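Naming follows writing order (A, B, C and D), and every chain is counted from residue 1.
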Amino acid sequence: MTLRVGVIGTGAIGKEHIHRITNKLTGARIVAVNDVNAAQAEAAAKGAGVDARVFDSGQELINSPEVDATIVASWGPTHEEFVLASIAAGKPVFCEKPLAVTAEGCRKIVDAEMAHGKRLVQVGFMRRYDRSYRQLKKVLDDEKIGAPLILNCAHRAPAAPGFKGDMAITDSIVHELDVLRWLLNDDYVSAQVILPRKTRLCDADLQDPHVILLRTAQGILINIESFVNAQYGYDIQCHVVGETGTASLPEPADVILRSEAKLSRAILVDWQLRFIDAFDVEFQDWIDCSIRGEAQGPSSWDGYVVSVTTDACVKAKQTGNIEPINIPAIPAFYAG
Amino acid sequence: MTLRVGVIGTGAIGKEHIHRITNKLTGARIVAVNDVNAAQAEAAAKGAGVDARVFDSGQELINSPEVDATIVASWGPTHEEFVLASIAAGKPVFCEKPLAVTAEGCRKIVDAEMAHGKRLVQVGFMRRYDRSYRQLKKVLDDEKIGAPLILNCAHRAPAAPGFKGDMAITDSIVHELDVLRWLLNDDYVSAQVILPRKTRLCDADLQDPHVILLRTAQGILINIESFVNAQYGYDIQCHVVGETGTASLPEPADVILRSEAKLSRAILVDWQLRFIDAFDVEFQDWIDCSIRGEAQGPSSWDGYVVSVTTDACVKAKQTGNIEPINIPAIPAFYAG
Amino acid sequence: MTLRVGVIGTGAIGKEHIHRITNKLTGARIVAVNDVNAAQAEAAAKGAGVDARVFDSGQELINSPEVDATIVASWGPTHEEFVLASIAAGKPVFCEKPLAVTAEGCRKIVDAEMAHGKRLVQVGFMRRYDRSYRQLKKVLDDEKIGAPLILNCAHRAPAAPGFKGDMAITDSIVHELDVLRWLLNDDYVSAQVILPRKTRLCDADLQDPHVILLRTAQGILINIESFVNAQYGYDIQCHVVGETGTASLPEPADVILRSEAKLSRAILVDWQLRFIDAFDVEFQDWIDCSIRGEAQGPSSWDGYVVSVTTDACVKAKQTGNIEPINIPAIPAFYAG
Amino acid sequence: MTLRVGVIGTGAIGKEHIHRITNKLTGARIVAVNDVNAAQAEAAAKGAGVDARVFDSGQELINSPEVDATIVASWGPTHEEFVLASIAAGKPVFCEKPLAVTAEGCRKIVDAEMAHGKRLVQVGFMRRYDRSYRQLKKVLDDEKIGAPLILNCAHRAPAAPGFKGDMAITDSIVHELDVLRWLLNDDYVSAQVILPRKTRLCDADLQDPHVILLRTAQGILINIESFVNAQYGYDIQCHVVGETGTASLPEPADVILRSEAKLSRAILVDWQLRFIDAFDVEFQDWIDCSIRGEAQGPSSWDGYVVSVTTDACVKAKQTGNIEPINIPAIPAFYAG
């Protein structure tokens, strides 16, 4: 069977997913599109050479008998509504982050999905599908470095023109918040945010970098640096200190050069290149699972936990204190 | 359109291609299989959940109106016949190496293809599709290290149980012979083979390692070490010395470990893992090109040149001398 | 002129310095020794083939007209007394850490030295003489990565059999406390100590690892991990995040091996090997300066500041709070 | 005792040795100097603040009762005469390379030293004292990679303004010729020289790079690239392929930078910095041995063997053939 997919939101990310599913992956076909800008939706489909019906609303698209599953790539505040509609329609839905813009909204989705009785939702945390994170997880799961005690992570970008307020936490660190608890099979219990000396190479209003300290239920200390105007490149690091050794995420492979008195290797500057393969693996997996009637990737529960944690980090930034993170016990529905 | 593909030869490699095209790539479908062992062909299709017709002969498969394009993954000595039949049928054919077991056979294919008037043949030299070789080629093409002067390459495997005679040259070094001339946009003019001290960790009859020295038309010196019982892993290296710097193929990325008084990274032991992504890219490209009625990958001419070069290397091993490699000027048909 | 040196304390470290000055460095001669165990002092001199007079007390050794300068390598609590005696005698003194066991004791030395009117004291913080730290300092001083914003440091040892209580702070982290403010030309203003999940591979009573967070006057955030039962090796790390890039202390150079499916390099297990060259440079510099009547290395003031900072870290560990570090303005006597 | 040293030849290298022995090493004192330019000799001593007598001739210096040992750092063609005079005087002599400008001259020295009955001569092959080469030798001696089969070495410099003719062989590769046979405990049996494509970034008359292939008595194949106008830096490489793994000389340690989209480490451009530590170790060892009446470093025999090998390489460059290298059996006097 071929999965007939509808895409809600045909901006840059939506277009990329249309291209990906059409030209790179197998098992699915884009059959429907929707956007607040209908003309853009039509253009996106045409541009990809896809014969897709343009729907007037996301709701109609979701409910159409021609659509087996939906990708939600629209504006963040609309996600909750479309995901709930997909659950109501009993159809698989892939939702880009955030699952909802509030923890309460995420919780509603969790409750609706449990009421439905079967997992339908996958949240777009692509790092779990990145080869290097998977290699790192395998090292940890195989206990090659004993029990993890400390994690030192960094999330650096060359520049972040539109960033303001707490976006470093809400828009970039969320990826760490998801992938690290998956990596450790653990959950967060408290957060502290430290504001180091500010770089002068960004808007005077913006605090950059941030350091977020998290503690897990097992007592593991996680140190995440977010530095979105780091100039030199896009660089994701994760170093785990365990009882008998350390394990670090590898650098993306590239040619080793000896030139101009330097031994060097290129660092990426474009974040999209860093996880481009992960997106492919993520969507192929979603397609394969959807066809089999399963759901395996990051769940509504994961989206909810990340939302609760993000809120605690934002609060910790405001108070300067160590703030508790209260995550309820995981429902059996989502466990294992 | 979906490319309807027939596979001739359903051993390990043939099966893998059936799986790849069915479950990982887009645009093609396996519709036909053939093998000297008909039961194996049927089992291969069934095992992959593919609804494919089993043909009694490769010729019939090639000529069937249900088949748009063919993959030849049968026993080496049969390749020539099936490739010629594909050309006669005017259909695209992907042929695993060798294109033919003799240079004369390769030449026949070249001549037949030119007589046909359009490129139809792609030879299975997958390294050109490997990301790291492409990164290296880009560095050279961008003149990041000036004109190349010397290449130092190594092709090492942990063990090679069935190897004998000149198989190091005819079965493993052929990949270097193809990829290096593509990397340099150059051709070979002479070969010398040096037999260093033998490892004790292989059959007493086998010479291992070999060092092959090639000179190109531009005067570049290429040093290729083939060491198929190197014990420690599967390791492909390529270091280019240019006028202003050097460039080296990156190591496959993997977790960096600090453990037991060592800073380490895993080295692959299974050769299939080294080029597994390259196979995917290679076949997706072949499918895409075949649908468009084009051919872009390694050509019959490339297969012919590698065959001529291989023969010269085998002769150089016998004589101990520097043997000339006489490659005719590339026909306009294959140039550019 | 040859500097005539007396050594107080002839345990392991004292003996090593006798050997170093006698057989590896130039410009000085060991002429006097003293130890609470007189027989040991005599044996230490004899063992090194040195013709040195054994003094009954450190005071006599310091005051002897045969002694130009003194090395204090005795038990920590005795340092203050011998350093004060050296200042009283107007003679250069090299004092292993700690300068004194209390900040108050250090302050007394600072005051005595200022009253004397000329620098005489050098404290044994050898990391400033380590080539890799000097390379890192040069990178920072040359503004290769812009202004430093964050430092991530680690101090790991394979095991620490005798460690208890706060020794991780008082005995090992002191070296970071000295070298980091030298590296940054900055001073600490607050400390926080976080106790991560404990390793099971140490005494049940011992907290290991510790994470110490320091903030400097310029707002730089310093994160120091102390992990003295890290099993895998002796490993000193320092990564500086600056406005335009990052700079990391290099690993000690060693042979790169490909063996047993690993690409690896040895990590030291013996801490003495890590800084053995630094000790040589440190003492040669002390000898050269002493002969010229100068003092350039880590001063009494540095020893005092480290002592104040250590106290704040110990307090922060007890309270769990961010504790202020109150360092007076540096006297002109020690500045520049 | 203090070794009283005379220096013949006070050009750049001679001056450096005067400085080294005076200010960095222990156990020796410069008491005498000589140069064809007497004023320069006097200036060299004065410049180093050394109270040394200026001799009118090297012979007088060697024979003076005030001189215990001699360093020969004069013009190459004069070495033989001064080394022979030192042997005649029964005094230790350190001779910069070459030991003599002809193999015959070297042989005369060997014969004179054996006739004298005791080793007195050390040749200035400093690489044996380099830490990284020693680390590599230990890996080989400990059989960490099994028996060596192939060596790939490179000797690259940014530029070589005065180089002409065969100087790449006679002036730079000589260091590899010495250190590699020491590394392998082996001797050379044949040489081949290959002239790859020439760089355009040097004098039109100069062939650069060269590739020298050597075979040892054990059958090990050695590939040495000499590239003296490599632009990018001074870079010495040595990669050993053994039966069970490979071992490579480490890069000189330096700060790891992330900056301007590059992960990089500096490469040296000044050759003197590469081996500056080795010179110190080499001379301290020579001083210590000379005081003990021993000789342990590179011997006259080593100088002779290198001279014979150099001649064979020069011949191989002329003929293009594989030329035999005929090294007599090592006399018991020099063995072990």
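Methods note: a residue touches a chain if its C-beta (ideal position, glycine included) is under 8 Å from a C-beta of that chain, and two chains touch if they have at least 3 such contacts.
This structure is a prediction, so every number in the text was calculated from the model and none was measured.
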Those chains that touch subunit D and also touch subunit B are A, C
Farthest CA centroid from subunit C: chain B
Between subunit B and subunit C, the Cα-mean centres are separated in Å by 59
Here the gap between subunit C and subunit D, centre to centre from mean Cα coordinates and rounded to Å, is 38
Between subunit A and subunit C, the Cα-mean centres are separated in Å by 45
Within subunit B, the set of residues that touch 2 or more other chains is 232, 244-246, 251, 258-260, 265
Among line, ring, star, complete and other, the chain touch graph is complete
The subunit B residues in contact with subunit C across the complex are 232-233, 235, 251, 258-269
Per the touch rule above, subunit B residues touching subunit D in the complex are 146-150, 152, 154, 194, 196-201, 209, 211, 213, 215, 218-221, 223, 225, 227, 230-232, 241, 243-246
Subunit C partner, complex, touching residues on subunit D are 22-26, 131-132, 135-136, 139, 144-145, 244-260, 265, 284
